[in-house]
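Single-structure report; data block below.
By written order: A, B, C, D, E, F, G and H. Residues from 1 in each chain.
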Amino acid sequence: MTNGEIKQHIVTVRPNGVFDETGEWLQVQVDISEWKTFAQWLRNDALQMDFLFCLTGIDWSATATGKTLLTMVYHFTSTVFRHTLVVKVKLDRNNPEIETVSDIWRTAEFHEREVFDLFGVKFLHHPDLRRLVLTDDFEGYPLRKDFEDPINMIKL
Amino acid sequence: MNASQIIFYLISAFVLGTAVLAVTTRKIFRSAIWLLFSLVGVAGLYFWMQVEFVAAVQIIVYVGGVVVLIIFSIFLTHHSGSELPKTPLKQTIFSMLAVLLGFAFSYNLIAKHGFPTTSDKPFVVPVSAIGEQMLDTKQHGFVLPFEVVSMLLLAAMIGCIVIAMRSMPKGKTIQKQASPINGNGKTQDLPVPTKTMEEETT
Amino acid sequence: MAFLKQYISEIYQAVSSLLKGMKTTGSYFVRPKEIITQQYPDNRADMKIPERFRGEVVMTHDENNEHACTGCTACELACPNATIKIVTKFDTTPEGKKKKALDTFVYHLELCTMCNLCVEACPTSAIKMAQTFEHSVYDRSQLLKKLNKPGSKLRAGVE
Amino acid sequence: MNSIPLTHILFVSTALFFIGMYGLFTRRNLITMLMSIELILNSVNINFVAFNKYMYPDKLNGVFFSLFIITVAAAEAAVAIAIIINLYRSHRSIDVEDTTEMKY
Amino acid sequence: MGPIALLILTIAAILFSAGGILVSKFLVRGSVNAQKGQPYECGIPAEGSPWNQFNVGYYLFALLFLIFDVELIFVYPWAVVVKKVGWMALVEIAIFFFILFTGFLYAHKKGALKWM
Amino acid sequence: MFSLENITDSSQKWLYATFNSTIALVLQCVIVMLLVISLFAVLGLVLVLMERKVAARMQIRLGPNRVGPKGMLQTAADTLKLMMKEGLTPDGADKFLFNLAPFVVMIAGMLIMAPIAFAKGFQIWDINIGVLYVSAVSSVSVIGILMAGWASNNKYSLLGAMRSGAQIVSYELSAGFSIVSIVVLAGSLQMSDIIASQQTGWWLFRGHIPAIIAFVIFIIAVTAETNRAPFDLAEAESELTAGFHTEYSGMKFALFFLAEYINIFIVCAIGATLFLGGWMPLHVGHWKGFNHVMDYIPSSLWFLGKTFFLIFLIMWFRWTFPRLRVDQLLSLEWKYLLPISMFNLLLITLIAIMGWHF
Amino acid sequence: MYRETKILNVDSKVSPIGGDLEGAVGADEGELVINVGPQHPATHGVLHLVITLQGETIQKVEPHLGYIHRSIEKMCESLSYRQFIYVTSRMDYLSAHINNHGCALCVEKGLQLEIPPRAQVIRVLMDELTRIASHELWWGAMAMDLGAFTPFFYAFRERETINDIMEETCGARLTMNYMVPGGVMYDIHPNFQKRVKDFIQLFNNKIDEYDDLVTNNIIFQNRTKGVGILSAADAISYGCTGPVARGSGVTCDIRKLYPYEVYDKVAFDEIIETAGDSYARYLVRIKELRQSVRIIEQLIDNIPDGDFQAKTKAVLKLPRGEFYSRIETARGEFGVYIVSEGGTTPYRIKFRSPGFSNLSALDHMSRGSKIGDLMAIMGTLDLVIPDIDR
Amino acid sequence: METNLNKVIETASQGNSPFPGQTHDLPGGGILISSFNDIINWARSNSLWPLTFATSCCGIEMMSVASSKYDFSRFGFEVARATPRQADVIIIAGTIVNKMAPVLKRLYDQMADPKYVIAMGACAISGGPFFYNTYSVVKGADHVIPVDVYIPGCPPRPEALLHALITLQQKIKSGLTREQIRAEKPQS
């Protein structure tokens, strides 16, 4: 399916989605409250986005506008139709919480743990939300832009 | 005293000492090891008595088999590092007394009887003699016990299997997470062989 | 009978596959000329290291003990992990003008990742990668190096 | 070799027997009890062989008996251990006190 | 040399091993630190003792082994006299094996030879 | 040609002539003790070096060649180093058993030496139950391994020990059956008799195919019994780090290491004795001249040659095959080797009774 | 100069590894919790697996990561677009070239650079050589995991040849840093073509040897067949890519699906096996070796003339926006996701590493199998831990 | 600052020792008359069993050293032990991060004496490529455990590792401790 067709499909279920077609792939931004149902729809309905190949968190606090903004970016591909879609969800940086999708795409379990570890995003209903790569007693979320660690980090 | 006597007393002391340790130590694994040494000592005694065949059998069956089995069962049924409960002092004393009395009594009897060693004929046990007598179908042959032994072993084997298999834990079913919702049965859902290893190797 | 036949053929196949494997290793065992070992410390004299191999950064000096580094710090900027530190001084040129020149080219061999970016960045090709690799030392501080030789100066004509 | 009197060997075997008995009395654990029984059986074996050697050196019956006893002991040990493990699996204990209600 | 040989060999083994161990004990001084005596588990502190009750999947094999081992000790004296006794020996051992093999097949059928 | 038999005989005569019988006996004991100890040491050094060299050749590399001439002193350096290394005992271990285990393994290894005929008339004790004795004593070493594994208080060790326990006891059966096959042919358990019965040819060649099958099974079984790859589950490096001797260091580890190689030597020596005629030279039918030339080679060389050939075979296995899994290992024994060897024994009996062997 | 963590403190009973060790202390009867790694010969680095065993049967495998987490993503945020590429060769160091390639592609996507055809072909050649080298190492290491030592040495013999070729052209054996935005750093070495051709000739014979030694070996087959089965649906759900997914019958080769450089001009097959077990994954990789050889054979004589590097500015600046490039490494799909705010350094960079997703399927695949199977599964997953931890 | 730095560099780079010995004869010219210590050091230096410890990329070059082409078995190093109890030398091949540091320390602690450490690659020496701007990398393994020989490179060539091993052999043969060698070097 082309980007346009995908967009069409999405518009039918999420008329208020924000689209961005400048990139290589269609990007859609959904509201955090709709995210879980939207994810289920993506996986199971017409689009069949069964392959979640990248799950990223972005902290926008170093930019002019993004003081309180964190974004989750999900890259999906359908192994059936071979189309790709990028979904973005905006989170409140001070209290980032989002529904987990690890029950829909199993790979999300690890990815979400990683994002939790590095950004501090809480994934609600995640089966096993723990630090993944850092030690348990690590303080702070290192990939946030304002992370400071005077002991370990030697700034250039 | 000549060398042979010294060896006898050494072995005897070894057998009895390790046997005492085997029944008194409170670490069960060590107890098994002491038992093992005691049994090896008994085998040594057989060697000393020049019945090498029995000695070898003693080692093969006890050391290679029974003790290994006992050790395995210890692993299965114990926290093998922990100590066994202490026997109450009273019980220890009474058992000690009873055993000592019994020993004194029996040994008294034995010593009294004295068992005159009638012959000084050298005692040699060639394996071929054992074999011949074992396969002998005549009056002094042991062919019947020989075959009965196989029946006994068969019975033991079947018994073991029946008993052991009855309680074999069915292997706690290991939950694999179910396949994700709606595999959607699309092109990729190729049949995956579910043959297990056992089937493959049989 | 079918069972027995299968049993035997299974064994036959298993054994033959094992024998094949043994043939492979065995054939190497009897062919010592297949041995490819290079005896390192003994072959130092005739070891061929490709000329592009990146062993460490060195500064080329000619016979007059002159180098081509102007102290422009392009390499320092290009280096991803700040391996290079250029310390500059001000020379007075014959005309009496003050001119920035290289004082010390500090090179942390213990940090360098041999990525070649500094060499690519250098406008005067003052530095290059050397093919040496025997750097082992007992003390980490010995890996801190000064690349410009004592008393060296800028080659004339290099800007 | 024969300078050791038979009674000395019998002393050893008797002592072994009673050590086994002692273990049987004091231990309340099926596996250790089994070990004690093995000791007792061994003392019997020693007797058989010793008698055979000292009193009937031209016969082999004592040797045969000890062989058969070893066999039986091994079979017994195998079955006993199977039972013990079975018991453990159902009772979570192999203490004799806990297993008195065993009704097989 | 008879049984003395066994004694000598045992002593030799003990001397050999003890010698080596004692030499190293007396000549080598090791450093002391808190971690040295800890069990090694890939550099992670071990949790829980291995001496806890542990599931041995192999005990059935040990049981079977014991039975066959006992069988084997009767085969040895038999083997020595086969040539002397002749056909009778073959018949007797065949019966012997046959009976045991029944048990073996039974075990096989019951799945006792399968790893659990 | 000198023969070891003469040496032993004459030295014995000399001893008894010079001293009274007690002192002579003691001296004899001391000599034997020294001999076996040095044999142990030398075997350890040679076999480890051989293993490393063989491995190197198969893996197209050179192997140790820098320590001493052609790397000959490599294992000596290793041994010395191990001796000069701290011998740790973990805190949580059962110290007594932990330290006892290497002794048990070593004693078992040493005791099996007794009936091995190294050359014509060069044997410590020609015990009348020879091979039975061997299989009896070799089963002791499993206890040493179980002890070591348990006492270490280490999970890898325990797992390794249990594996090797199950493995060693299982494979003892088929090893036993293949030994019995030769006993049937030779009609005796005594080593010297078995060797003597191969005067006219080795059992491997004389016993038709069943003997070869027995030989193959024997080799497989002893490889497993000595915990060698592809059956080295007890110390499977990629699974259990170092298996049952994970916690051993220094000399105690060296003893395990040594015992492993000694055991290989012993089982190969047994194999050589049973199947390849021990120190018997190779004789072919009626080739008088050939046989004569063969006789000229000293018997000890024959023995060592055959043994080392088998050792090489076992090393060859190690450096070729992947490791089996535990359950496959056991099913190989119980589903293939044991039934085959039992059946094979019956075949051999038939051959023996009918006198079909050459 | 590092912060001591609790692990150093032996007395503390606090669980040292991330997470609750409840299972270890109050484990079910007969269960044994055992740590494999971080220092363990079979984990190929520093993966730490906490395995719950029942007897020898695996109940649960819990990977603990982070023993080589080098904060590459954070670090790259302060490196320029030229500089950050070299770091990525330290992630999946076995596909160092391909990682660099992926990054270069992403930067080029942002810059909308045209790559000269010569550079494209060289890149592909290097990629395929890297893939062969990587698979070689995997083959040797996998055989070693399963207890066969010799294949390791044979694999390294061929690998060393590739390394020599690489060294001659790129200047390093492992972390080449040969790709730069716009092309490659230097032109190929004059000997390159000849040596590659020699290698290919030699290599074709050696693959047969591999089959004799390992592929057809009965022990090996028994160890791997039916072990660690991953169904196609699971493979997709776990996000598996590369040979792992292809072993389960999922088409996922980026080179075919989203061709980059000259992959759409060369003929090669995507290897698909459907069994989904360790043996299938093994076969995929072994067959991929031949495909890589095929690609190289097609290209080696047809390297077009021209520049090896496009003209670029001294300082690269990516426009504002998000760029994602996907590339097929030896382990699967490697993705580079650059979020640019228009500066000289990336605002956020995310590497989608194939190993990370593949590892997450490990628990699923190994439940109910033996410890020995775990090694076979791990071996065929072909994990490179720094790639997972980043 | 600058002059200081200059001094540091000058003193540091003087100790460029000549290539360590090439052949490994018995101490005392092949005759075993040398002192006991020499023999022991000879044995120790010629039987360095490495611990299989590789954290990242440098580990691959370590594997290359084991491979047929470089073959460190020639020196008797090939007996790589997986357990620290039996190993003599840790070759720290790769980055050490904060989470790994305690593990490394523990492994080192658990090794039986005598034990040696080789820091292989920029990462193990100083953090190398990950020296700046990283929050998790230990800036040099010698913050965790004492290191005997440093071998820079990223990764060092296999020959370079061999060179490091030979350097370590030299050190063991000299019988000096780590501190002694550090103290002596500047004067030599």
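The working rule: a contact is a pair of C-beta atoms (placed from the backbone, for glycine too) under 8 Å apart; a residue touches a chain by one contact, two chains touch by 3 or more.
Chain by chain, the UniProt names read as follows: A = NADH-quinone oxidoreductase; B = NADH-quinone oxidoreductase subunit J; C = NADH dehydrogenase; D = NADH-quinone oxidoreductase subunit K; E = NADH-quinone oxidoreductase subunit; F = NADH-quinone oxidoreductase subunit H; H = NADH-quinone oxidoreductase subunit B.
Every value quoted in this text rests on a predicted model; they were computed, and no experiment measured them.
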Minimum number of chain-to-chain contact steps, subunit C (NADH dehydrogenase) to subunit F: 1
Chain labels contacting subunit C (NADH dehydrogenase) and also subunit D: none
Farthest-lying chain, centroid of Cα atoms versus that of subunit C (NADH dehydrogenase): D
Farthest-lying chain, centroid of Cα atoms versus that of subunit G: D
Interchain centroid distance [CA atoms averaged], subunit C (NADH dehydrogenase)/subunit H, Å: 19
Inter-chain centre distance, subunit B versus subunit C (NADH dehydrogenase) - centres from mean C-alpha coordinates, in Å: 64
Inter-chain centre distance, subunit A (NADH-quinone oxidoreductase) versus subunit E - centres from mean C-alpha coordinates, in Å: 58
Per-residue multi-chain contacts in subunit E, two or more chains: 2, 4, 6, 28-30, 34-36, 38, 40-46, 49-56, 58-59, 62-67, 69-70, 72-74, 76, 79-81, 84, 89, 104, 114-116
Multi-partner residues of subunit G (at least 2 other chains): 1-3, 5, 7, 15-16, 29, 32, 34, 38-41, 54, 56-57, 66, 69, 71, 74, 78, 86-87, 150, 152-153, 157, 160, 175, 213-214, 217, 219, 222, 234, 236-237, 250-251, 364, 370
Contacts with two or more other chains, residues of subunit A (NADH-quinone oxidoreductase) listed in rising order: 50, 79, 105-106, 133-135, 142, 147, 152, 156
Subunit G residues within the subunit A (NADH-quinone oxidoreductase) interface of the complex: 1-3, 5-7, 15, 18-19, 65-66, 69, 71, 73-74, 78, 109, 234, 236-241, 250-252, 257, 321-324, 333, 335, 337, 339, 341, 347-348, 350, 352, 356-357, 359-361, 364, 389
Subunit F residues touching subunit G - in the complex, by the definition given at the top: 55, 58-61, 155-156, 159, 163, 229-230, 232-233, 236-241, 319-328
Touch list for subunit F against partner subunit E, complex: 25, 28-29, 32-33, 36-37, 40-41, 82-92, 99, 102-103, 106-107, 109-111, 113-114, 124-125, 129, 132, 150, 152-158, 162-163, 165-166, 169-170, 172-173, 176-177, 180, 183-184, 187-189, 241, 246-247, 250-252, 254-255, 326-327, 330-331, 334-335, 338-339, 342, 345-346, 349-350, 352-353
Of subunit C (NADH dehydrogenase), residues touching subunit G in the complex: 13-14, 17-18, 20-21, 23-25, 36, 50, 52-54, 78, 80, 113-117, 120, 129
Touching residues on subunit E, where the partner in the complex is subunit D: 59, 63, 66-67, 69-70, 73-74
